[in-house]
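Structures follow.
Next come two complexes built around chain A: one with chain B, the other with chain C.
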Partner chain A sequence: MTTILTLPVLLPMLGAAVTVLGSRWATLQRVVGVVVLSVVAVLAGVLLVVADERGPIVTELGGWPAPMGIALVADRLSALLLLVSTLVTLAVLVYAIDQRIADYGRGTASTTFHPMYLMLCAGVSLAYLTGDLFTLFVAFELMLTASYVLITRRTNASRIRAGMTYVTVSLLSSLLFLTAIALIYAATGTVNLADLAGRIGTLPSGLRSVLGLMLLVVFGIKAAIVPLHFWLPDSYPNAPGPVAALFAGLLTKVSFYALLRTQTLLFTRDEPWTLLLVLAVATMLVGALGGLVQNDLNRLLSFLLVSHIGFMLFGLAVFDAAGVAGAALYAAHHITVLATLFLVSGLITRRTGTVALDRMGGLARSAPWLAVLFAVPALTLAGMPPTAGFVAKLALLEAGAAAGVDTRIVAGVVILASLLTLYALVRVWVRVFWGKRRAPLPDEDDADEVVIGTARSSVPMYAATGGLVAVSLAIAVFAGPLTALTARAGADLVDPVSYRTAVLGARASR
Partner chain B sequence: MTTSRDESHDPMPFEEWDRPREAWLLSGDCRRPGQRSLLLEMTTRAVFPTVLVFSLYLLLVGHYGPGGGFSAGLVAGLAFVLRYIAGGSDDLGAVVRVRAPAVIGTGLVIALLTALAPVAWGAPVLSTTKLAVALPLLGRAELQTSVFLDVGVYVLIIGVVLDLLRALGTGIERDMRDAGEDA
Partner chain C sequence: MTTMTTTMTMDPVTINMVMALTVGVLYAVGFTLLLSRSLMRVLIGVVVLGHGTNLLLQLAGGPPARPPIVGTAPPESFADPLPQALALTAIVITFALTTLLLALGYRAFVLVGHDEVQDDVEDRRIARQKVPSAPLEAGDGDEQDVESADDEVEAAAARGRDAAS
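Take a look at the complex of A and B:
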């Protein structure tokens, strides 16, 4: 079982190495990518079941005991998010492969795409599984470095501009992260999360607040919390469809997971965190209002992505078991639904040749299946019953209503932001799917990665998108067991003692 | 890149068996004479093998002393950077005939298999052990299995440096030539 824990990290890396070596054989690359991610998905499922039944699974790399060596930990939260993320990466990979086949033919191989994609997956797995603050930094760097390559492949001028914003902001936040780790190590003498949980409580409260706020800023930049969100709507929409879906689904949520893990484990609180409540309100409203006025479909989705980060922040800000559980459930739902919407946006653009809402129309008649694929995740994101979004939002609202007056007010903002989201998406629906049919616009730039306006989309691209819709529906169908699972995960999170005992064993008391 | 290599496939006359092999010297026709620096080329000829041997020393000494796969790989990479600076991309192409991504992939595979290998003996991932063998004449020799991980990292880093030279060196030179500027 402890070996299984390392495989979600090592297998994608091995896959990356094999796809680099086989960079002339397109079929080999595709098979390796899909097989590796499928195996990791199965392993993540096994980890989730075992972690839920027997408590956190821990392995110490190289057999070095935990505070000194590096520990990998899979508890309910990390295993759940790992499973959902891997399903998303698998579906996006299938979509990307078929888009490539549709655009360039079956034989076209790529030296960079598959290795970088799998490296990014390895980084995501490591970020979820690590029990060590410095390894978390390494995981983020692995993930981000791969994402720099993916966002700047086959560039045109606008993509280079967007890529520069993205790279600069990410590097800045990584530098801050490294500084924060250095300060934490200087203050406590350890970077192991479980060990830190015991030691950081003995620091003076001022120093503890500074360290906590530094980590909040670091992960706030990476997770696009208002007012640190400015880079996201500028960079994501310029990436090619599947890459944007991958980033939108995973990167910000991994950062949110890191925020959730560090704040609940290291900087425990007994009552709601007012600062984070304010940030959550700002994030929800700025994102939703920003989404209302966009004409570019991908920018609109990016703003909604920012808005819904605020929902998860609200769950964390409530800072009790119910709130954190709601945030975990919301993260799982958010990963699938945002990735789906960006994939659908890619399909729409392939059909219409544009991302501008005012230049499309009538797709409901010309592409009814596309309309279905858009409608389900759109309703899910807006949180209409009986979708997964409703289940997740209900968990957040219940937690907010039970926690106090402040949180009840913010819960009202949650409902307002949901309505604004619904309005923004209805606007998309009216512009894109209703109205009179329009002929697709021609591809403006033949040289770039994306072929658009051809209406050529293979069945597997639809199937991959449909698969993600199915995952999202499954979250709604299995809402009962899942809510119970995240409730247990939330209870784990607000009680750091169980995490410490699992990692450090008898050494935890010292 | 190919013009200077073609003649080496010709069978070499017996009496010229000790003729210097081109791969260890800078191939003379790679740059315009005005751009060549004789001093740098001669220094490179002497330093290149020395640096490679030093990098192997760093690789092996790394378990107990300063060194290890990463720094050894960088030092070896610097040897190739020196050749590139002295002789340009044609000379580098004459020394390194494999594609840089293949080097990177090989290094990564070696490192990852070393990480996974202990599982076969029931030990945790990434654990290492000490192998001791009695060699005739030399006596007892010890080998930390972590050296295989270092070898993987070493190869990987060399591949990365070569890829950087290819992308940022040769690639930019080619772009400048295509644009009509003098590289």
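Take a look at the complex of A and C:
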């Protein structure tokens, strides 16, 4: 069981090495990528079942006992998010491969895409599984460095502009993260999360607050919490379709997971956190209102992405078992639905040749399947019953209603932001799918990687998008067991005894 | 090793004032450079900031002491090796990212002619709009927009045909 824990990190890394060495053989790269991610998805499922039945699984790398060595930990939350993330990366990879085949034929290999994609997956797995603050930094760097390459490869002028903002902001937050780690180490003498959970409580409260707030700023930048969100709607829309889907699905949620993990494990509190409630309200409203005025489909989705980070933040701000459980469920649902919407946006762009909403129209008649693929995740994101979004929002609202007066007010804002999301998406529906049929606009830039306006989309691209829609529907169908699972995960997070005992053993009582 | 780290945390770590000030100056310089538009200055800012952070990691390990190699000295006189390992990892990562930024800056210079970070174009455009577009209510006006945009498309297509013939 302990070996399985290392494989979600090692397999994608080995796969990346193989795809670099085999960069002349396109088929080899594709097979390696899909096989590796399929295996990781199965392993993540196994980890989830075992972690749910027997408690957190721990591996001490190199045989060094924690807190000296690096520990990998899979508990219910990390295994669940790992499973959902891997399913999304698998679907997006299938989509990306078939988009490339549709555009350039079966024979063209890519020297950078497959290795970087797999390295990003390795970083994501490591970020979920690590039980060590510094390894978390390394995981983020692994993930972000791969993302820098993916967002700036085959550059044109607009993509380089977006890439610069993205890279600079991410670098800044990484250096702040490193600073926070140095200060935490200076104060406590450990970087092991389970060990820190015991030691940080003994620090003076002022010092604790400073360290907690530093980590909030670090992960706030990476997770695009208002007012630290400005880089996201600028950079994501400029990435090619599948890459934008990958980023939108995973990167911000991994950062939110890190925030959830560190705040619940290290900086525990007994009542709702007012600062985070205010940030959640700002994030929900700024994102939703920003989405309303956009004319670029991808920018609109990016703003809605920011808005829905606020929903998860609300769950964390409530800071009890129910709230944190709601946040975990919402994160799982959000990963799938945002990735799906960006993939659908890619399909729409390929058909219409533009991302401008006012230059599209009539797709409901010319591409009815596309309309279905858009409608289901759109309704899910807006939280209409009986979709997964409704289940997740219900969990958040129940937690908010039970926790006190101010959380009830914020729960009202949750409903308002959901309605604004629905309005923004209805606006997309009216402009893109209704109205007169329009001839596709010609591709403005033939040299860049994205081929648009041709309506050439292969069946696997639709199948991959449909698969993600199916995952999000499955979350709705299995809402009962999943809600129970996240409720257990929430209880684990709020009272991290099982986590600490699993990592430290008898030393946890110290 | 366990005892060593434990004792180190029990004692308050005394920090060299000169080193602390150096870290502060490096952070100030780094952040100031990060605020500029030119990617080259941003790059230097990141490098300086990275040095500051690595120095801070070193400071976190406590005062200078003997190299932590078993058998060369009594364990009590060892320096804490962990921050050094962390700083080494961080140096490798910042080095890799510095090269990436350098390549990005060069690419921007080749493509755009300069390496300055530009404003968000679409954001500026939306900010300039006087009346926010109200899509659902404005039925008639919308229809006309669609028509005129259609004409534009057809005109563009016609131009394309002319050019081809």
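As a convention for this text, the second predicted complex is superposed on the first by the 510 of 510 C-alpha atoms of A that agree within 3 Å, B and C clash if a C-alpha of one lies under 4 Å from a C-alpha of the other, contacts with A are read in each partner's own complex, and residues count from 1 in each chain.
In this section, a residue touches a chain if its C-beta (ideal position, glycine included) is under 8 Å from a C-beta of that chain, and two chains touch if they have at least 3 such contacts.
Computed from a predicted model, the values in this text were never measured in an experiment.
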item	value
More chain A residues in contact - chain B or chain C	C
Touched partner set for A:Thr2, first chain B, second chain C, both or neither	first
Contacts of A:Gly105 with chain B and chain C, given as first, second, both or neither	neither
Which superposed partner A:Ser23 touches (first chain B, second chain C, both, neither)	first
First, second, both or neither for A:Leu61, with chain B first and chain C second	first
Partner chain in contact with A:Arg427 - chain B first, chain C second, else both or neither	second
Which superposed partner A:Leu10 touches (first chain B, second chain C, both, neither)	first
Partner chain in contact with A:Arg199 - chain B first, chain C second, else both or neither	second
Those residues of chain A which chain B touches in one complex and chain C touches in the other	none
For the chain C and chain A complex, residues of the former touching the latter	1-2, 5-6, 8-9, 13, 30, 34, 39, 42, 46, 49-50, 53, 56-57, 59-61, 82-83, 86, 89-90, 93-94, 96-97, 100-101, 104, 107-108, 111-112, 117-118, 120-123, 126, 129, 132-133, 135-136, 145-146, 149-150, 153-154, 156-157, 160
Complex contact set, residues of chain B against chain A	101-102, 104-106, 108-109, 112, 115-116, 119, 123-128
Touching residues on chain A, where the partner in the complex is chain B	2-3, 6, 10, 13-14, 16-18, 20-21, 23, 59-63, 111, 115
Touching residues (chain side chain A, partner chain C) in the complex	68, 134, 137-138, 141, 145, 148-149, 152, 155-158, 160-161, 163-165, 167-168, 171-172, 174-175, 178-179, 181-183, 185-186, 188-191, 199, 233-234, 237, 292-296, 299, 358-359, 361, 426-427, 430-431, 435-436, 438-439, 441-442
